[in-house]
Structure formats: C-alpha cells, structure tokens
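Take a look at this one; I'll ask things after.
By letter and in written order, the chains are A, B, C and D; residue numbering begins at 1 in each of them.
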Amino acid sequence: MNFKSDNTATAAAEILASLTAVNESPASAYGDDPWSRKLDETFSALFERDVRVFTVASGTAANAIALASVVPPWGAILCHREAHIECDECGAPEFFSGGAKLVLMDGERAKVTPETLKQAIGRNARGIHSVQPAALSISQTTERGAIYRPDEIAALGGIARASGLAFHMDGARFANAVAALGCAPADMTWRAGVELLSFGATKNGALAAEAIVVFDLARAEEVERRRKRGGHLFCKGRYPAAQLLAYLEGGLWLRLAARANGLAARLAEAAGAHLSVPAESNQVFIKPGVEALARLRAAGAEFYDWGADGSGEARLVVSWNQSEADVAQMCALLGSLR
Amino acid sequence: MNFKSDNTATAAAEILASLTAVNESPASAYGDDPWSRKLDETFSALFERDVRVFTVASGTAANAIALASVVPPWGAILCHREAHIECDECGAPEFFSGGAKLVLMDGERAKVTPETLKQAIGRNARGIHSVQPAALSISQTTERGAIYRPDEIAALGGIARASGLAFHMDGARFANAVAALGCAPADMTWRAGVELLSFGATKNGALAAEAIVVFDLARAEEVERRRKRGGHLFCKGRYPAAQLLAYLEGGLWLRLAARANGLAARLAEAAGAHLSVPAESNQVFIKPGVEALARLRAAGAEFYDWGADGSGEARLVVSWNQSEADVAQMCALLGSLR
Amino acid sequence: MNFKSDNTATAAAEILASLTAVNESPASAYGDDPWSRKLDETFSALFERDVRVFTVASGTAANAIALASVVPPWGAILCHREAHIECDECGAPEFFSGGAKLVLMDGERAKVTPETLKQAIGRNARGIHSVQPAALSISQTTERGAIYRPDEIAALGGIARASGLAFHMDGARFANAVAALGCAPADMTWRAGVELLSFGATKNGALAAEAIVVFDLARAEEVERRRKRGGHLFCKGRYPAAQLLAYLEGGLWLRLAARANGLAARLAEAAGAHLSVPAESNQVFIKPGVEALARLRAAGAEFYDWGADGSGEARLVVSWNQSEADVAQMCALLGSLR
Amino acid sequence: MNFKSDNTATAAAEILASLTAVNESPASAYGDDPWSRKLDETFSALFERDVRVFTVASGTAANAIALASVVPPWGAILCHREAHIECDECGAPEFFSGGAKLVLMDGERAKVTPETLKQAIGRNARGIHSVQPAALSISQTTERGAIYRPDEIAALGGIARASGLAFHMDGARFANAVAALGCAPADMTWRAGVELLSFGATKNGALAAEAIVVFDLARAEEVERRRKRGGHLFCKGRYPAAQLLAYLEGGLWLRLAARANGLAARLAEAAGAHLSVPAESNQVFIKPGVEALARLRAAGAEFYDWGADGSGEARLVVSWNQSEADVAQMCALLGSLR
C-alpha cells in the first residue's frame, strides 16, 4: 500500500510503447523531427489556440524556465507559501531568473485568493528599494489537492493583468484537475488569463515528460533559449515528444487521471471526519493524530506525514495505476480509525 | 546516407528494453530506487574507484553543471576554441556558473596541448582585474574526432593540478575513445588527473542518458545540488539509470562504439587525400572542395559543412547503427572524387 | 524638523576635510595607496585582530557581497522578516549570490532569537528539494533600533557555528550600537562568532563610505573578487579610505553616534506612552495614531510612517548633526500628544 | 614622472569644492535631491536631447549595468579583443547580465571596423545552439588611445541597428575624445546610434564619478533597477551628482582633457619613430625595445609595459594635471632614444 506519491508509479504501457514506435529510423536532432513538430499541432488542437510546446526533463525545469522567461531578475514571483516552486525546487526559480524573489501568500488548501493576491501586490510595490511584482504562479491542482475553477482562475488572471503581472500555472497535476472538472483545458488556462503552463505527464503515467506550453507566442523565443541554456533541449527530441503524444492520444491522460481521482474519493469517504481538507483530486489529506498514523503504518501503509512535525496529519496520493486492492485495504484501515 | 550526426540515430534495442524491465512496480522517486543506486556501484567498478554518478537530460547539462561545481563565478574555464561548451551550448556554462568566462585555446584537431595550456594560464593570471583560471575542460573525443592518449591527458592534468585548475572531460563520445584506444577508462580519466567526466550515452545508442561522473567525492554535493536546481534531478530516476546500466551491461557501449569507429575508418580510407584530418573515431572530416561536396549531396549523401563558409570542408559522422549499405555507397562516392 | 532618516544628513567636517588632505599628489589606483593600506591596519587595531577591509559604494553592496562570499547559490540566508536585506535592497543578496533564498524569521523589535533561529534551521534542512541554511544575518542596530548585547550575539553565533552557518552582521548603524553599549567592537563581532561585518559610516557622517570587514582571512579572496566583479573596487581608493580613517580618528564615529543616541533618548522620553518599542539607539518608534501623526506633520515634523498602512505608527530617526532646536521642538510636540 | 595611468591623478579643485558646496543642509536620500535632479537636466542640455543619468561607483559598474540592461543572458556582446570589458573587469559584464558571452573582434588600435563587426555578427548567428548577438560595445577613446570619428561610429551604429544589436559606448575617456575632435557630444553618441553611454569623469579629475547616460528613455527603468540591485544607488546621491555638475560646469571637463591631450602630443612628437600607434588622445604607445624601456625607468619614468611579454612596448598616460616639468623631462628622455 504505497501512497507516498504519484511519482513512484510506473509508466503506462501505451506511453512506453510509443518509444518503440518512434525508434524505427534516424530522425533529425534537437526537436526537428516529425513527432516534435506534431506536438505543437496536437497541443494547439487541445487548447483551441495556436500554442508552442517545449519539452523539458522535470516539472522543476518547466516552472523555472517558464517563470524566468517572464520575470526580470529584479522581479517578484507571487505564489502560495506551500507552492512547489517555493518548497521543493531548491531555488530553481531563483537560479533561472537570475535572482528573482518569491513573495509568499497564505490561503486555505494552498489556494491563492483575489484578496491575498491584491494585498501581496500592494505590499510589494514600494519603489526602487523593493523587488517589483512581476508574475503570479498558481498550482493546479494545488499542493493540497484543491482545484481552482475556471472562474476563480479568471478572477486571479484579471488582477494579474491589471497589475502587469505575467500569469503562470504549475500543472504538474493538470490532468487531475481537468478530469475532475470536466472543463475545456482552454477554459482553465488562457481563457482565464494564464500565459504559461507547466504541463506535467510524468506523475500521471509518463516516464519523463514535462512541457512548457506557451499561449502568448511572443514569449516563445525566451522560453526556447532559456531551455537550451538550461540543458533541457533534448538531443533526440522524439522520445519525450512520443510520450506526450501517446499521453494525449485518445484521451489516455484523462482516463488515467480520472481513475486516480476516483480511487482517492473512496479513500476520502473512508477517512470521514479524519479528512483534514476536502479531497478534490488524487491527493487525500487526513489528520487522525500521531498514534493513528503509526497504526496505519504498522498495518503496511506507506505515506508521508504532512504539515508541522507532530501535527498528526498525513498525505495519501493515489497513482494512475494504484491497485484496487491497495485502495480497498486502505479504506478498511481508515474505517477502523473512526 | 545520413551522416549528419550520431544524434540522429535511434536507440539500441537493449537499451529500449531496459525501460520495460524496470517498469514492473512502484519505486521511490528522485533516485532513491534500486537501479539508480546500482549506477554508482556499476560505474565504480568500471572506473576501478569509488565514484558518484548523476544523470542529467543532456550533454550540455552535464558539462555546465560539472563545470559550475568547480569554477567560481569569477573564474575562467580554459578550453579549445572549437569546444562544444564554447560553440554549441548557448552559454550554458556561463549560466550555470554565474558568469564564468571561457578562455579559448587554439590547437590542431581541436586538441589542447601542454604548450597552449601553459600560455593560456600565463595570459590570464593578471591579478584582480582579470578572471582567474579555474578549470581546464577537454573533449574526448575532440570536436574534430581526435583522441587524447592517456599520457597526453596526464600531461595536461599535471599542468592543471600545478596551477590549481580543476580538470573536466566532456565525454559526449567517450565510448568511441575507449573503444579506439582499448585502454582502461580509469587511465583516461582520474589516473590522468580528470576530476569530473561528462559521460555520454545518447549519441551511442541511448534515448536520453547523460551523466556526470564525479571522481573526487568531495565535489559530489555541489554537483548534486546544482543538478537539482537546474531541474535535472529526474522524478522517476529509474529510467535514465536503466538506460545507462543496459549501456554498460556486457560491454554493449564498446561494441556499438567500435562498430561506428570501424565504419568511419572505411570512409576515411575511401576519402584518401581528401581527408582533412586523420580519422581516429567515428567522425570523418573531408575537404574535397565546394563542388565535390555538392556532387556528394546530389548523389544522396547528407552531412554538414564544416569550418568557414565556402571552405569546401565537411564532417561525416557514423552512428552506432549506420547501415553497411550506407557506408559502402558513401565509400564509392568518396572514391569517385579522387 | 526632518526625522526621516540619518541618510539625509550632511557629511561631517572632519570627513570632508580628509578628502582634501589626501589630494596632494598622485597615488596608485585600485587600493594600492597608503591610505587604503592603512585601513587594514586601523581596523585591525580597532577590532583587536588581523582583519581585512574592503570599501564599497553602499550598505546594500556590503551586505550582498559579504553574503555572496559565504553562501552557495543553493543556500538559504536566515534573517529577520524586517531585515534591510529582505525589504530594502531590491534583491541584491539574491543577485550577488546567484539566487540564494532569504528565509525569514519573526521576532520583536526586529531581533532574531535563539529559538526562532533553531526553528528556522530545522524547518529548512529538508534534503535535496530545499535550499540549505548557509548563513545567518542580523542587523546591529536592528531595523527597529534595538541592540543585541554581546552575549545575545554569542548565543546566535554558537547556534550558527553548530549548524554550519556563516554569520554576518549588517552594521549600517554599528556605531550607534557600540556607542550605546560602550563595549569593545571585538566583543560584538568576532568574539561572538561574527565572521563578516558590513561596517557603515555613511549614515553617521561620511559622504559614501561603507566597508566589508572580514574577520576570517580565508574569506578575503572571495570578497575581494566579488567586489571587483560587482564594480565596487574604487579606481581612486584613497577617497573612501580617507573617509573611514577620519571617521575612526580620535573616536569621531562614537562621538557622532553617541550624540544621535542621546538626542533620540530625549525624543523617546517625550513620547512616553506613545513609544511603540523601547528606544535604544538613534531610532524612535511611536504609535500615537493616525490623527496624532497628522498633527505632528501639520506642525512641521517630517518622518516616515511605519508598519502596516493605517497603523498610526511612525519612525523618527535622529542624525549625527540633528539640531538641538529640532529635537527640543519635536519633544514639545510629542509632549503635547500625551 | 608617473605616466602609469590617469587614474592615479588627484581630483580637480573645482570638483573637490563642489562637495563642500552641497554639504550645507539635509537632503533627501537616494537621488531625490536637487543636485541629482539637476543632473538629468544638465546632461540633457549637453546632449541636446532628453536623457536620463545614473551615477555609479566605477566605470566597470557603468559598463556592466548598461550592457546587462540591453542584453539577455543568452546574448552575445560584441567588442574588441582588447576592450576594457573583456580584459579588465573580472567578468563584471557576465555577472550583471546573468552569463552573456563576450564575442571578440580584432582590429588595429583597438578599433572595431564595419568589416569585423559584420563578420562577427555572421559567425554568431547560428540558431539555437549559439548565443545571439545582442549588443555592440566600443570604447571611446579606445584602449589604444584611438578615437572614432562620428561617421565611423555612425557606420557601426547602422550595422548594429540593422542586426538588432543595442549599441553601447564605454566612455571612460569620453572627454578626451570630445576635446580632441571638437565635435558635439550628440554627434558622437545618439546621433550615430549609440543608445547607452558609460560617461567617465574619475580619470579626468573627479574623485569617483561615473555615470550611465541613457539616450533611449525606454531603457531607463532596467538601468535604474539593475543599478539598485548592484548596490550602486548612492544613499547620499548629492555627492556624486555634485562632482559631475562641477565637472561639466563652464567646460571644465574639456579644458582638463584638452590639456592632457596636448601634453601627450608633445610626448608623441618626442618619441618619433618609436611611436607604435598614432597618438590621438592622452595615451601614448611607444615601442623602443626592452632595453630602452629599462633606461627610461632607470631615469625615473614610471609606466606600464604593454602587449605581449618582452615586446618592448609601453604605454604612457598623461593625466589632467600632469606637470609640465614631467612632460618636458620625459620628452628629453624620449628624444635621447632616437
């Protein structure tokens, strides 16, 4: 029963197979191959708009390169205090941007609200002595498994635009959000003001396939050059491209995400009152106390503690191919805590 | 007849198969999996010494992260004027190092000699107003297909050590050099003073597998943290690890490289007097003139021009799985030029 | 009645005169002149230890260069939430360090305590995904005019050393602290574990004279090279050197600071219950409410609001040459608020 | 007889006096004072156009901040091989720009020609793998004392504009060029396409007064923020401002420069055939051989060797206040070599 993270999961058979499929004959390097070129087309169709797609090796790279391409070194990136870019990237955004500063906002379920955003913008607009708000970055789903509705994103997007901020979305679990809401990817991104999207596939069935989706084509050159300079232009571009093409083919990405979301909902129901935040996607947060968590572990469950030391809270992440048996057993364990 | 680059080749079946082999069950993320751990062990055996191995997405990343981990921002990286780090990485070494400067040396066949190295060190040791020589970087094989013998490397290594320079080797085609010389990898690296090696597998049969091999373990933390910060710590570390393990398994890497070297030797022989530099590995440089090159292309050969515009020189690169037919046909074409 | 900041004050006559005194004949450039050399000697005597002194153009430069010389790009600088390096330097520490992150601590009167320091170190020691605590930076006097006693500094220094953190002090108002406590500069710095000091003179009577004092000589080269690279190696080094020599000559620096401290104490006494924090140096914080502040301004007082908008708090800074009349008038005004 | 550099000279009395003149009463900090504001006005009049002026602590800072404000990290700065930004700034341009690359051009008397510029642009426009030409930087006067005529500058400016390069001039000795040519500063700068000028006063009579003159006002914010972040926003802005105002007042700057130029011309005449390049400003290069240089030194002359070790070449720099006696004695010595 491994609920540590969706990044421990294997790759989906369809995606693995795609690597073999593109391995027949030589192809030009550095993205000048048929599959890499098809990426732009496929994503443009998906997003109902002409977009450019740049594959990179990790979500950290996607976030940092995307942000660096729109934030000057003297800029501030406004994000939630629990954001991946703040907590888990060892300063990659600062590195790629030449030393921009992350300005942190509070908010339930790791969500940014219009109010906190406005306050943060106001607090940091202090003239020459202070970094200047230059970008807003939100995570969809959030680090607490919450999901922004398109209208919520649009509200943030409106404030960002009015204040001259670029708008970036960390979509490491973008599929889980789209699957949960059933809305068009366009509604959740550029129609709501998002200019750059880190589109993740690795957690949801790929081997290593992350991409920066650029909605404003004027931004593309900056992204492309910073990617190269960061060592993220793959020599044999067809392999990451093939993964993403297989991921989107026939809606695979949404099937996998929907399955994970659905199993997570069962865990959430079983957790009942121990649920610490509502479960909206494939992450479930429970707070049954330190002793109860120890009992779960003793019974074979693997997961990470969450929040402050000794808080008695934990995170359970359901992967795209989590076994039904795992989930059933975990549900029983959670039920026994009630 | 595509002789543009070995990076256009497909991946070897053994390496592709390794991805499936490690795809059975969940594994911890970020390199804490059995295959990633086995990497250190396998490379330590290969190099007859305790080493640390860090996989990254590209040779550019390997070079830039390795160099940044040993060069202060106010340092100079001494390298050949035609070095990949100077010509083909869009400033990645400068980016990762925080603005170090590449100081260029001349030399036949893209090789650095003890004399040019000493001169470069002397020219750049000018007190507070100048960047300070901090590292030597050489390519094995060189950008002109030449190979440094172990004693040549040791001579450079001795000068580097005496001047306090770190010593890095760009081994994008390391396999071709080892296969050609038949020497121990250790003799070509740490025994000759090399402290950091960019070990490439992508051009020689992998999908995307490049690694930084750290011989001086005290350097490992810097490399590890700069890799993370550069977005090159793979979430699912088993996939790049599996590629490298399959690459080394049973000497596959040397078989593939030896084959490419051998076919290249046939091209060189066919080129005869048109050979512009001796062919020592899988790259062949010919200089039959502009018109002759046009005839080769008209006959179906694909390759890149080399050197200054209109020099009439070209580079032919043989891949690990170049067809015999390609080579035979190209030999005939080259023969017809004589 | 201008109490906006001590950086609005003119330069002291002795310091201005020193510029003329060194203007007699040519002198070698870039710090190789008699006065620059005498700086090391003079500061070594002052600090009872062999130190190196590097002049720079601003306190921001002193802080950022000092910190960059001891913090890797993947490091965290632990400081108070109100620290100058966080609030007022437009990201200079991030810039000079190559993107290190400032990790913020709370604490009354802008002071760091052993408890908050230990917590911050614990929170940020999270393995490869997080920046690593690398330096502690405190301000003496603090941004709220408070002063650390030598034993308080030593307690922080002990924790820093035990955790492998470098220890930096922003001494933009170092003179005010030494004058107030009457202790040896050594007790407040290296004897308490401080390794790098930003020594400010500009606010206390110089034209532009800030310096980095390096207690651990092994750190000196990094500071020297980063200063050059930052454009802070003065061509004609004698002029900043002369200012600092005159500043220290005969205890001028302490006389000027003591005067400012003393006048500030009178303001504090007059403010009585409106004092929002105890006045320990030349900064006085009052919180008489928004309307009262408006009345003070209407009566001719100039000062900055402090804290959140509409908090009704303000900061009064007394300069080294503030007139007695200003202070007397302001005392009367403050008295009228009670 | 010190002819080492004009940066060993003292400050002019008028400029020193200006510091006292602005020291009467408090003034707002950070450039919000009457003298700082007057700078923009004065320089706008001088350059016959609306400009913005930003004082910094050194010529290195002026060059690096100016270039960083117009060059992306993935850009190339094209300059002469002997340029100050390449040889004497310890990598400051690379640091401030986030790792841009300096691409070097050859040319007599350290001058860039239209031909070398076109070639350099052509060589470095190689797609994604190469840094992209982003700025041209020339020195006026050059590091070999040569002067670009306005039409020469305009020719370079035309090429720069056509290729999308920003155009920067390092004017550490701008006064010597203007004094020598007698042309309008506007003709030598923005009318010829220069967008950013490093305007030096320190070598020609100031204590420490360097400035970035921004002709394209849209560039001003980038310069201003990067200056702050580099620690070059002076707290008490009136002192550098006062120096520059006195420098320009009544044409002082041109009188001082003309005097130095004139004395240098006498040295050049005395050197006769030993002159290694024509003397156009206040730098004189002679090549009488190693032994002759030793004799000059034995007779009391101080100067730097130039060029490669043992070349027998030397540089003599005449300062604004070099004594007539020095020059007469040196002329006699030079005459004795013929």
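Observations on the structure shown:
The rule is simple: a contact is a pair of C-beta atoms (placed from the backbone, for glycine too) under 8 Å apart; a residue touches a chain by one contact, two chains touch by 3 or more.
Computed from a prediction, not measured in an experiment: that's the story for all the values here.
Common partners of chain A and chain B, by the touch rule above, are C, D.
Put simply, chain A has to spin 180° for its C-alpha atoms to lie on chain C, with the angle rounded to a multiple of 5. Chain B and chain D have Cα centroids lying 42 Å from one another. Chain geometry summary: the mean Cα position of chain A and that of chain D are 50 Å apart. Counting partners per residue, chain C has 30, 73-74, 89-91, 95, 98-99, 128-129, 225, 228-229, 233 as the residues that reach two or more other chains.
If you check the complex, the residues on chain A that touch chain C are 73-74, 87-91, 94-95, 97-102, 128-131. Residues 2, 4-5, 7-11, 16, 19-20, 23-30, 56-62, 64-65, 89-92, 95, 202-203, 207-208, 225, 228-236, 239-240, 319 of chain B touch chain A in their complex. By the touch rule above, chain D contacts chain A in their complex via residues 30, 72-74, 98-99, 128-129, 132, 222, 224-226, 228-229, 233.
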